[in-house]
Amino acid sequence: MQRLTEEPIDYAALTESVRSTDSGAVVLFLGTVREMTNGRRTTALDYEAFGPMAESKLAEIEAEARRRWPLDRVAIVHRLGRLELGDVSVAVAVSSPHRVEAFEAARYLIDTLKQTVPIWKKENWHDGTTEWVHPGLESSGCKSNPLADKPPVPPAVRGATP
Amino acid sequence: MQRLTEEPIDYAALTESVRSTDSGAVVLFLGTVREMTNGRRTTALDYEAFGPMAESKLAEIEAEARRRWPLDRVAIVHRLGRLELGDVSVAVAVSSPHRVEAFEAARYLIDTLKQTVPIWKKENWHDGTTEWVHPGLESSGCKSNPLADKPPVPPAVRGATP
Amino acid sequence: MKLDVRLFARARDAAGAECVTVELPAGARVADLRAALAVRSPNLRALVPCLLVAVGTEYADDRVLLSPNAEVACFPPVSGG
Amino acid sequence: MKLDVRLFARARDAAGAECVTVELPAGARVADLRAALAVRSPNLRALVPCLLVAVGTEYADDRVLLSPNAEVACFPPVSGG
(Lines give C-alpha, C1' and ligand atoms only; values in the text may rest on other atoms or scores of the structure.)
Protein backbone atom coordinates (compact mmCIF):
# COMPACT_ATOMS: atom_id res chain seq x y z
CA MET A 1 0.00 0.00 0.00
CA GLN A 2 1.31 3.43 -0.96
CA ARG A 3 -0.32 6.78 -0.47
CA LEU A 4 0.34 10.53 -0.64
CA THR A 5 -1.60 12.68 1.78
CA GLU A 6 -1.96 16.28 2.88
CA GLU A 7 -3.18 15.14 6.32
CA PRO A 8 -1.06 14.23 9.36
CA ILE A 9 0.14 10.61 9.06
CA ASP A 10 -1.53 8.21 11.50
CA TYR A 11 1.50 5.96 11.85
CA ALA A 12 -0.14 3.85 14.57
CA ALA A 13 -2.96 2.91 12.20
CA LEU A 14 -0.35 2.26 9.51
CA THR A 15 1.57 -0.04 11.84
CA GLU A 16 -1.61 -1.87 12.83
CA SER A 17 -2.31 -2.42 9.13
CA VAL A 18 0.89 -4.45 8.65
CA ARG A 19 0.59 -6.62 11.78
CA SER A 20 -0.46 -10.22 11.24
CA THR A 21 -0.06 -13.62 12.83
CA ASP A 22 2.12 -14.63 9.87
CA SER A 23 4.76 -12.14 11.01
CA GLY A 24 7.15 -12.19 13.92
CA ALA A 25 8.58 -8.75 13.14
CA VAL A 26 7.36 -5.28 12.30
CA VAL A 27 9.70 -2.40 11.46
CA LEU A 28 8.37 1.14 11.23
CA PHE A 29 10.43 4.05 9.95
CA LEU A 30 9.33 7.65 10.47
CA GLY A 31 10.95 10.67 8.89
CA THR A 32 10.34 13.70 11.11
CA VAL A 33 11.04 17.40 10.62
CA ARG A 34 14.32 18.19 12.39
CA GLU A 35 14.99 21.71 13.61
CA MET A 36 18.73 21.98 12.85
CA THR A 37 20.39 21.10 9.52
CA ASN A 38 24.11 21.80 9.15
CA GLY A 39 23.88 24.43 11.85
CA ARG A 40 20.88 26.24 10.32
CA ARG A 41 17.50 26.49 12.01
CA THR A 42 14.35 25.43 10.15
CA THR A 43 10.87 26.63 11.01
CA ALA A 44 8.88 24.52 8.52
CA LEU A 45 9.17 22.38 5.40
CA ASP A 46 6.94 22.43 2.31
CA TYR A 47 6.69 19.13 0.43
CA GLU A 48 5.40 18.80 -3.11
CA ALA A 49 5.14 15.81 -5.42
CA PHE A 50 4.54 14.90 -9.03
CA GLY A 51 1.62 12.82 -7.80
CA PRO A 52 0.94 10.18 -10.47
CA MET A 53 4.63 9.42 -10.97
CA ALA A 54 5.34 9.42 -7.22
CA GLU A 55 2.58 6.86 -6.67
CA SER A 56 3.85 4.75 -9.55
CA LYS A 57 7.43 4.83 -8.23
CA LEU A 58 6.29 3.96 -4.71
CA ALA A 59 4.46 0.94 -6.11
CA GLU A 60 7.62 -0.04 -8.00
CA ILE A 61 9.86 0.10 -4.96
CA GLU A 62 7.37 -1.90 -2.91
CA ALA A 63 7.29 -4.52 -5.68
CA GLU A 64 11.09 -4.59 -5.80
CA ALA A 65 11.32 -4.98 -2.01
CA ARG A 66 8.88 -7.88 -2.20
CA ARG A 67 11.05 -9.50 -4.86
CA ARG A 68 14.14 -9.17 -2.68
CA TRP A 69 12.71 -10.24 0.69
CA PRO A 70 9.90 -12.53 1.85
CA LEU A 71 7.68 -9.76 3.20
CA ASP A 72 4.24 -10.06 4.66
CA ARG A 73 2.73 -6.56 4.47
CA VAL A 74 4.11 -3.19 3.36
CA ALA A 75 2.66 0.30 3.86
CA ILE A 76 4.22 3.59 2.75
CA VAL A 77 2.69 7.05 3.24
CA HIS A 78 4.31 10.37 2.34
CA ARG A 79 2.85 13.65 3.51
CA LEU A 80 2.71 16.76 1.29
CA GLY A 81 2.16 20.44 2.04
CA ARG A 82 3.33 22.49 5.01
CA LEU A 83 5.00 20.53 7.83
CA GLU A 84 5.99 22.02 11.18
CA LEU A 85 8.92 20.97 13.37
CA GLY A 86 8.57 17.38 14.59
CA ASP A 87 5.84 16.46 12.09
CA VAL A 88 6.06 13.07 10.38
CA SER A 89 6.87 13.51 6.68
CA VAL A 90 7.03 9.85 5.72
CA ALA A 91 6.15 6.51 7.31
CA VAL A 92 7.29 3.09 6.07
CA ALA A 93 5.92 0.00 7.81
CA VAL A 94 7.01 -3.55 6.94
CA SER A 95 6.17 -6.92 8.45
CA SER A 96 7.86 -10.26 7.79
CA PRO A 97 8.21 -13.64 9.47
CA HIS A 98 11.72 -12.79 10.74
CA ARG A 99 13.30 -9.51 11.77
CA VAL A 100 16.34 -9.36 9.48
CA GLU A 101 14.16 -9.09 6.39
CA ALA A 102 11.89 -6.45 7.93
CA PHE A 103 14.89 -4.27 8.85
CA GLU A 104 16.57 -4.65 5.47
CA ALA A 105 13.39 -4.01 3.50
CA ALA A 106 12.42 -0.92 5.52
CA ARG A 107 15.90 0.49 5.03
CA TYR A 108 15.80 -0.26 1.31
CA LEU A 109 12.37 1.32 0.92
CA ILE A 110 13.25 4.64 2.57
CA ASP A 111 16.70 4.80 0.90
CA THR A 112 15.20 4.16 -2.54
CA LEU A 113 12.25 6.47 -1.95
CA LYS A 114 14.68 9.30 -1.24
CA GLN A 115 16.59 8.60 -4.46
CA THR A 116 13.86 7.95 -6.98
CA VAL A 117 10.38 9.17 -5.98
CA PRO A 118 9.53 12.64 -7.40
CA ILE A 119 8.90 14.50 -4.15
CA TRP A 120 10.71 17.69 -3.12
CA LYS A 121 11.06 19.63 0.07
CA LYS A 122 11.57 23.35 0.53
CA GLU A 123 13.32 24.62 3.65
CA ASN A 124 11.72 27.59 5.37
CA TRP A 125 14.74 28.80 7.32
CA HIS A 126 14.41 30.64 10.60
CA ASP A 127 16.05 33.71 8.98
CA GLY A 128 13.06 34.07 6.65
CA THR A 129 14.69 32.70 3.49
CA THR A 130 13.40 29.64 1.65
CA GLU A 131 15.32 27.05 -0.37
CA TRP A 132 14.38 24.00 -2.41
CA VAL A 133 16.43 20.97 -1.49
CA HIS A 134 17.91 19.34 -4.60
CA PRO A 135 20.77 16.97 -3.70
CA GLY A 136 23.77 17.34 -6.00
CA LEU A 137 22.53 20.61 -7.43
CA GLU A 138 24.63 23.64 -6.56
CA SER A 139 23.28 27.17 -6.82
CA SER A 140 25.36 27.61 -9.96
CA GLY A 141 23.86 24.55 -11.64
CA CYS A 142 24.98 20.91 -11.61
CA LYS A 143 28.16 19.19 -12.62
CA SER A 144 26.65 15.99 -13.93
CA ASN A 145 23.22 14.67 -14.67
CA PRO A 146 22.36 11.22 -13.34
CA LEU A 147 19.98 10.54 -16.23
CA ALA A 148 21.54 12.14 -19.29
CA ASP A 149 24.05 9.36 -19.97
CA LYS A 150 22.23 6.45 -18.45
CA PRO A 151 19.35 4.11 -19.22
CA PRO A 152 15.86 5.50 -18.59
CA VAL A 153 15.35 3.65 -15.32
CA PRO A 154 17.60 4.84 -12.47
CA PRO A 155 19.87 2.09 -11.11
CA ALA A 156 18.08 1.81 -7.77
CA VAL A 157 14.85 0.61 -9.40
CA ARG A 158 16.20 -1.17 -12.48
CA GLY A 159 15.55 -4.56 -10.91
CA ALA A 160 11.88 -3.63 -10.67
CA THR A 161 11.40 -4.41 -14.37
CA PRO A 162 13.44 -7.57 -14.92
CA MET B 1 14.13 3.93 29.11
CA GLN B 2 13.67 0.19 29.68
CA ARG B 3 10.74 -1.59 31.20
CA LEU B 4 9.24 -5.04 31.74
CA THR B 5 5.46 -5.24 31.81
CA GLU B 6 2.65 -7.74 32.10
CA GLU B 7 0.29 -5.37 30.24
CA PRO B 8 -0.14 -5.03 26.46
CA ILE B 9 2.57 -2.76 25.04
CA ASP B 10 1.32 0.64 23.89
CA TYR B 11 3.85 1.00 21.10
CA ALA B 12 2.28 4.20 19.80
CA ALA B 13 2.88 5.91 23.15
CA LEU B 14 6.39 4.46 23.15
CA THR B 15 7.03 5.88 19.68
CA GLU B 16 5.67 9.28 20.70
CA SER B 17 8.07 9.26 23.65
CA VAL B 18 11.12 9.12 21.36
CA ARG B 19 10.00 11.78 18.86
CA SER B 20 11.69 15.15 19.13
CA THR B 21 12.61 18.11 16.95
CA ASP B 22 16.28 17.12 17.36
CA SER B 23 15.60 13.96 15.35
CA GLY B 24 14.95 13.39 11.68
CA ALA B 25 14.41 9.65 12.05
CA VAL B 26 12.52 7.24 14.27
CA VAL B 27 12.81 3.45 13.96
CA LEU B 28 10.41 1.20 15.82
CA PHE B 29 10.83 -2.56 16.02
CA LEU B 30 8.02 -4.81 17.21
CA GLY B 31 8.35 -8.50 17.94
CA THR B 32 4.96 -10.16 17.49
CA VAL B 33 3.71 -13.67 18.19
CA ARG B 34 3.83 -15.63 14.93
CA GLU B 35 1.54 -18.59 14.42
CA MET B 36 3.88 -20.93 12.51
CA THR B 37 7.45 -21.86 13.53
CA ASN B 38 9.29 -24.45 11.45
CA GLY B 39 5.96 -25.86 10.29
CA ARG B 40 4.48 -26.14 13.80
CA ARG B 41 1.42 -24.19 14.94
CA THR B 42 1.59 -22.11 18.13
CA THR B 43 -1.45 -21.07 20.12
CA ALA B 44 0.27 -18.88 22.74
CA LEU B 45 3.63 -18.00 24.27
CA ASP B 46 4.51 -17.58 27.94
CA TYR B 47 7.35 -15.18 28.71
CA GLU B 48 9.21 -15.05 31.99
CA ALA B 49 12.19 -12.99 33.11
CA PHE B 50 14.78 -12.77 35.86
CA GLY B 51 13.51 -9.24 36.47
CA PRO B 52 16.32 -7.34 38.20
CA MET B 53 18.99 -8.76 35.91
CA ALA B 54 16.87 -8.27 32.80
CA GLU B 55 16.37 -4.59 33.65
CA SER B 56 20.07 -4.19 34.36
CA LYS B 57 21.04 -5.82 31.06
CA LEU B 58 18.53 -3.70 29.13
CA ALA B 59 20.08 -0.57 30.64
CA GLU B 60 23.53 -1.85 29.63
CA ILE B 61 22.60 -2.45 26.02
CA GLU B 62 20.96 0.97 25.78
CA ALA B 63 24.14 2.53 27.20
CA GLU B 64 26.26 0.58 24.73
CA ALA B 65 24.04 1.65 21.80
CA ARG B 66 24.40 5.26 22.89
CA ARG B 67 28.17 4.85 22.94
CA ARG B 68 28.16 3.45 19.42
CA TRP B 69 25.71 5.84 17.75
CA PRO B 70 24.66 9.49 18.28
CA LEU B 71 21.15 8.66 19.45
CA ASP B 72 18.52 11.07 20.65
CA ARG B 73 16.02 8.92 22.61
CA VAL B 74 15.71 5.17 23.24
CA ALA B 75 12.79 3.20 24.67
CA ILE B 76 12.63 -0.58 25.16
CA VAL B 77 9.70 -2.51 26.62
CA HIS B 78 9.41 -6.30 26.93
CA ARG B 79 6.15 -7.95 27.84
CA LEU B 80 5.93 -10.94 30.20
CA GLY B 81 3.22 -13.51 30.89
CA ARG B 82 0.77 -15.11 28.46
CA LEU B 83 0.78 -13.72 24.91
CA GLU B 84 -1.71 -14.68 22.24
CA LEU B 85 -1.11 -14.87 18.48
CA GLY B 86 -0.24 -11.45 17.05
CA ASP B 87 0.49 -9.85 20.42
CA VAL B 88 3.52 -7.57 20.71
CA SER B 89 6.19 -9.21 22.88
CA VAL B 90 8.84 -6.51 22.60
CA ALA B 91 9.06 -2.94 21.31
CA VAL B 92 12.27 -1.02 20.64
CA ALA B 93 12.01 2.64 19.61
CA VAL B 94 15.02 4.78 18.69
CA SER B 95 15.33 8.33 17.40
CA SER B 96 18.40 10.03 15.97
CA PRO B 97 19.23 13.02 13.78
CA HIS B 98 19.80 10.78 10.72
CA ARG B 99 18.22 7.49 9.70
CA VAL B 100 21.27 5.25 9.31
CA GLU B 101 22.07 5.48 13.01
CA ALA B 102 18.45 4.85 14.04
CA PHE B 103 18.28 1.70 11.89
CA GLU B 104 21.63 0.35 13.06
CA ALA B 105 20.93 1.05 16.74
CA ALA B 106 17.44 -0.51 16.66
CA ARG B 107 18.87 -3.61 15.00
CA TYR B 108 21.72 -3.80 17.52
CA LEU B 109 19.33 -3.39 20.46
CA ILE B 110 16.97 -6.21 19.47
CA ASP B 111 19.81 -8.52 18.37
CA THR B 112 21.67 -8.01 21.66
CA LEU B 113 18.50 -8.23 23.74
CA LYS B 114 17.83 -11.65 22.27
CA GLN B 115 21.37 -12.82 23.10
CA THR B 116 21.95 -11.44 26.57
CA VAL B 117 18.80 -10.40 28.46
CA PRO B 118 17.49 -13.13 30.82
CA ILE B 119 14.01 -13.59 29.40
CA TRP B 120 12.60 -16.90 28.17
CA LYS B 121 9.63 -17.96 26.13
CA LYS B 122 7.66 -21.16 26.32
CA GLU B 123 5.84 -22.40 23.24
CA ASN B 124 2.27 -23.61 23.75
CA TRP B 125 1.92 -25.74 20.64
CA HIS B 126 -1.41 -26.31 18.97
CA ASP B 127 -1.08 -30.06 19.70
CA GLY B 128 -1.27 -29.35 23.44
CA THR B 129 2.41 -29.79 24.25
CA THR B 130 4.58 -27.04 25.72
CA GLU B 131 8.29 -26.38 25.26
CA TRP B 132 10.76 -23.86 26.66
CA VAL B 133 12.82 -22.23 23.93
CA HIS B 134 16.53 -22.36 24.76
CA PRO B 135 18.67 -21.72 21.66
CA GLY B 136 21.59 -24.12 21.37
CA LEU B 137 20.16 -26.50 23.94
CA GLU B 138 19.09 -29.86 22.63
CA SER B 139 16.69 -32.08 24.50
CA SER B 140 19.64 -34.28 25.44
CA GLY B 141 21.59 -31.37 26.91
CA CYS B 142 24.10 -29.01 25.31
CA LYS B 143 27.36 -29.50 23.50
CA SER B 144 29.09 -26.35 24.70
CA ASN B 145 28.48 -23.65 27.26
CA PRO B 146 28.93 -20.07 26.13
CA LEU B 147 30.00 -18.95 29.61
CA ALA B 148 32.00 -21.81 31.07
CA ASP B 149 35.24 -21.04 29.23
CA LYS B 150 34.80 -17.32 28.72
CA PRO B 151 35.05 -14.09 30.66
CA PRO B 152 32.06 -13.25 32.89
CA VAL B 153 30.56 -10.69 30.53
CA PRO B 154 29.23 -12.16 27.25
CA PRO B 155 30.98 -10.74 24.17
CA ALA B 156 27.94 -8.80 22.94
CA VAL B 157 27.89 -6.53 26.00
CA ARG B 158 31.58 -6.49 26.94
CA GLY B 159 31.95 -3.00 25.50
CA ALA B 160 29.34 -1.81 27.99
CA THR B 161 31.92 -1.80 30.77
CA PRO B 162 35.08 -0.46 29.18
CA MET C 1 5.09 19.22 -32.61
CA LYS C 2 4.19 21.15 -29.47
CA LEU C 3 4.84 19.62 -26.08
CA ASP C 4 3.56 20.85 -22.74
CA VAL C 5 6.27 20.35 -20.13
CA ARG C 6 5.35 20.24 -16.45
CA LEU C 7 7.88 21.76 -14.08
CA PHE C 8 8.37 21.18 -10.35
CA ALA C 9 10.15 22.66 -7.36
CA ARG C 10 13.06 24.96 -8.20
CA ALA C 11 12.53 24.46 -11.93
CA ARG C 12 8.97 25.78 -11.66
CA ASP C 13 10.04 28.71 -9.52
CA ALA C 14 12.88 29.58 -11.94
CA ALA C 15 10.60 29.41 -15.00
CA GLY C 16 7.81 31.25 -13.20
CA ALA C 17 5.31 28.71 -14.56
CA GLU C 18 3.99 25.24 -13.73
CA CYS C 19 3.97 24.33 -17.38
CA VAL C 20 5.77 25.63 -20.47
CA THR C 21 5.14 24.73 -24.09
CA VAL C 22 8.07 23.99 -26.40
CA GLU C 23 8.10 23.49 -30.15
CA LEU C 24 10.08 20.47 -31.32
CA PRO C 25 10.64 18.83 -34.72
CA ALA C 26 9.19 15.36 -35.32
CA GLY C 27 11.68 12.72 -34.17
CA ALA C 28 12.99 14.90 -31.36
CA ARG C 29 14.60 13.22 -28.37
CA VAL C 30 14.88 14.22 -24.73
CA ALA C 31 18.21 15.96 -25.45
CA ASP C 32 16.41 18.20 -27.96
CA LEU C 33 13.78 18.97 -25.35
CA ARG C 34 16.49 20.15 -22.96
CA ALA C 35 17.92 22.49 -25.57
CA ALA C 36 14.48 23.86 -26.45
CA LEU C 37 13.67 24.41 -22.79
CA ALA C 38 16.80 26.52 -22.24
CA VAL C 39 15.82 28.69 -25.20
CA ARG C 40 12.18 28.94 -24.21
CA SER C 41 12.93 29.85 -20.57
CA PRO C 42 16.34 31.50 -20.19
CA ASN C 43 15.95 31.43 -16.41
CA LEU C 44 16.02 27.64 -16.62
CA ARG C 45 19.28 27.53 -18.56
CA ALA C 46 21.54 26.93 -15.56
CA LEU C 47 19.24 24.19 -14.31
CA VAL C 48 18.61 22.41 -17.61
CA PRO C 49 21.71 20.15 -17.58
CA CYS C 50 20.71 18.66 -14.24
CA LEU C 51 16.97 18.36 -14.72
CA LEU C 52 15.49 14.90 -14.58
CA VAL C 53 13.05 14.21 -17.38
CA ALA C 54 10.01 11.98 -17.08
CA VAL C 55 7.83 10.74 -19.93
CA GLY C 56 4.56 9.56 -18.47
CA THR C 57 5.62 8.19 -15.09
CA GLU C 58 9.04 6.87 -16.16
CA TYR C 59 12.44 8.52 -16.08
CA ALA C 60 13.78 9.12 -19.60
CA ASP C 61 17.40 9.63 -20.61
CA ASP C 62 18.56 11.95 -23.38
CA ARG C 63 18.22 9.28 -26.10
CA VAL C 64 14.54 8.64 -25.55
CA LEU C 65 12.34 9.55 -28.55
CA LEU C 66 9.44 11.90 -27.86
CA SER C 67 6.03 11.28 -29.38
CA PRO C 68 3.61 14.17 -30.04
CA ASN C 69 1.32 13.04 -27.22
CA ALA C 70 4.10 12.45 -24.69
CA GLU C 71 3.33 13.68 -21.17
CA VAL C 72 6.60 15.26 -20.18
CA ALA C 73 7.78 16.57 -16.82
CA CYS C 74 11.11 18.15 -15.84
CA PHE C 75 12.44 18.61 -12.34
CA PRO C 76 15.65 18.89 -10.31
CA PRO C 77 16.92 16.01 -8.13
CA VAL C 78 14.32 14.69 -5.70
CA SER C 79 14.41 15.24 -1.92
CA GLY C 80 11.47 13.40 -0.42
CA GLY C 81 11.61 11.45 2.81
CA MET D 1 28.60 -22.08 53.11
CA LYS D 2 25.02 -22.48 51.95
CA LEU D 3 23.90 -20.76 48.76
CA ASP D 4 20.33 -20.34 47.54
CA VAL D 5 20.26 -20.73 43.78
CA ARG D 6 17.36 -19.31 41.78
CA LEU D 7 16.32 -21.32 38.73
CA PHE D 8 14.40 -20.24 35.66
CA ALA D 9 12.55 -21.68 32.68
CA ARG D 10 13.43 -25.30 31.85
CA ALA D 11 15.91 -25.47 34.74
CA ARG D 12 13.17 -24.62 37.23
CA ASP D 13 10.77 -27.09 35.65
CA ALA D 14 13.43 -29.86 35.66
CA ALA D 15 14.36 -29.26 39.31
CA GLY D 16 10.73 -28.86 40.31
CA ALA D 17 11.64 -25.80 42.39
CA GLU D 18 12.23 -22.07 41.88
CA CYS D 19 15.12 -22.15 44.28
CA VAL D 20 17.46 -24.89 45.55
CA THR D 21 20.04 -24.68 48.33
CA VAL D 22 23.51 -26.12 47.80
CA GLU D 23 26.30 -26.61 50.32
CA LEU D 24 29.72 -25.43 49.13
CA PRO D 25 33.13 -25.17 50.77
CA ALA D 26 34.59 -21.71 51.38
CA GLY D 27 36.51 -20.57 48.29
CA ALA D 28 34.17 -22.38 45.94
CA ARG D 29 33.90 -21.15 42.37
CA VAL D 30 31.08 -21.26 39.84
CA ALA D 31 32.42 -24.60 38.51
CA ASP D 32 31.97 -26.09 41.99
CA LEU D 33 28.43 -24.75 42.11
CA ARG D 34 27.63 -26.58 38.85
CA ALA D 35 28.92 -29.85 40.28
CA ALA D 36 26.97 -29.39 43.52
CA LEU D 37 23.81 -28.55 41.61
CA ALA D 38 24.01 -31.79 39.60
CA VAL D 39 24.33 -33.77 42.83
CA ARG D 40 21.60 -31.83 44.64
CA SER D 41 19.08 -32.12 41.76
CA PRO D 42 19.77 -35.18 39.58
CA ASN D 43 17.05 -34.03 37.16
CA LEU D 44 19.23 -31.01 36.39
CA ARG D 45 22.30 -33.07 35.55
CA ALA D 46 21.80 -33.05 31.77
CA LEU D 47 21.17 -29.31 31.83
CA VAL D 48 23.99 -28.29 34.17
CA PRO D 49 26.77 -28.06 31.56
CA CYS D 50 24.79 -25.54 29.55
CA LEU D 51 23.31 -23.43 32.32
CA LEU D 52 24.25 -19.77 32.43
CA VAL D 53 25.20 -18.59 35.89
CA ALA D 54 24.57 -15.10 37.20
CA VAL D 55 25.98 -13.60 40.39
CA GLY D 56 23.91 -10.58 41.29
CA THR D 57 22.92 -9.21 37.87
CA GLU D 58 26.13 -10.18 36.04
CA TYR D 59 27.01 -13.29 34.08
CA ALA D 60 29.74 -15.29 35.80
CA ASP D 61 32.07 -17.85 34.20
CA ASP D 62 33.32 -21.02 35.90
CA ARG D 63 36.36 -19.28 37.44
CA VAL D 64 34.38 -16.69 39.39
CA LEU D 65 34.76 -17.00 43.17
CA LEU D 66 31.53 -17.24 45.16
CA SER D 67 31.09 -15.30 48.38
CA PRO D 68 28.75 -16.58 51.15
CA ASN D 69 26.25 -13.80 50.44
CA ALA D 70 26.32 -14.18 46.65
CA GLU D 71 22.92 -13.98 44.97
CA VAL D 72 23.12 -16.73 42.41
CA ALA D 73 20.81 -17.63 39.53
CA CYS D 74 21.10 -20.44 36.99
CA PHE D 75 19.20 -20.70 33.73
CA PRO D 76 19.41 -22.15 30.21
CA PRO D 77 20.11 -19.93 27.15
CA VAL D 78 17.81 -16.93 26.88
CA SER D 79 15.04 -16.57 24.28
CA GLY D 80 13.43 -13.16 24.78
CA GLY D 81 12.38 -10.90 21.94
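Just so it is clear, A, B, C and D label the chains in written order, and each chain counts residues from 1 on its own.
Just so it is clear, contacts are C-beta pairs under 8 Å (C-beta built on N, C-alpha and C of every residue); 3 or more make two chains touch, one makes a residue touch a chain.
The structure displayed is predicted, hence computed values, not measured ones.
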item	value
Graph separation of subunit A and subunit C (steps between touching chains)	1
Centroid comparison with subunit C (C-alpha atoms), farthest chain	D
Separation of mean Cα positions, subunit C and subunit B [Å, integer]	51
Subunit C and subunit D, separation of their C-alpha mean positions in angstrom	73
Euclidean distance of C-alpha centroids - subunit B vs subunit D, Å	24
Touching two or more other chains - residue numbers and ranges from subunit B	31, 110
Contact pairs between chains, per stated definition	A-B, A-C, B-D
Subunit A-touching residues of subunit B, taken from the complex the two chains share	11-12, 15, 19-36, 85-86, 95, 97, 99, 102-103, 106-107, 110
Residue ranges of subunit A in contact with subunit C within the complex	31, 47-50, 52-54, 56-57, 78, 89-90, 110, 113-122, 132-137, 140-142, 144-154
Sites on subunit C touched by subunit A in the complex	6, 8-10, 13, 31, 46-47, 49-54, 56-62, 64, 73, 75-81
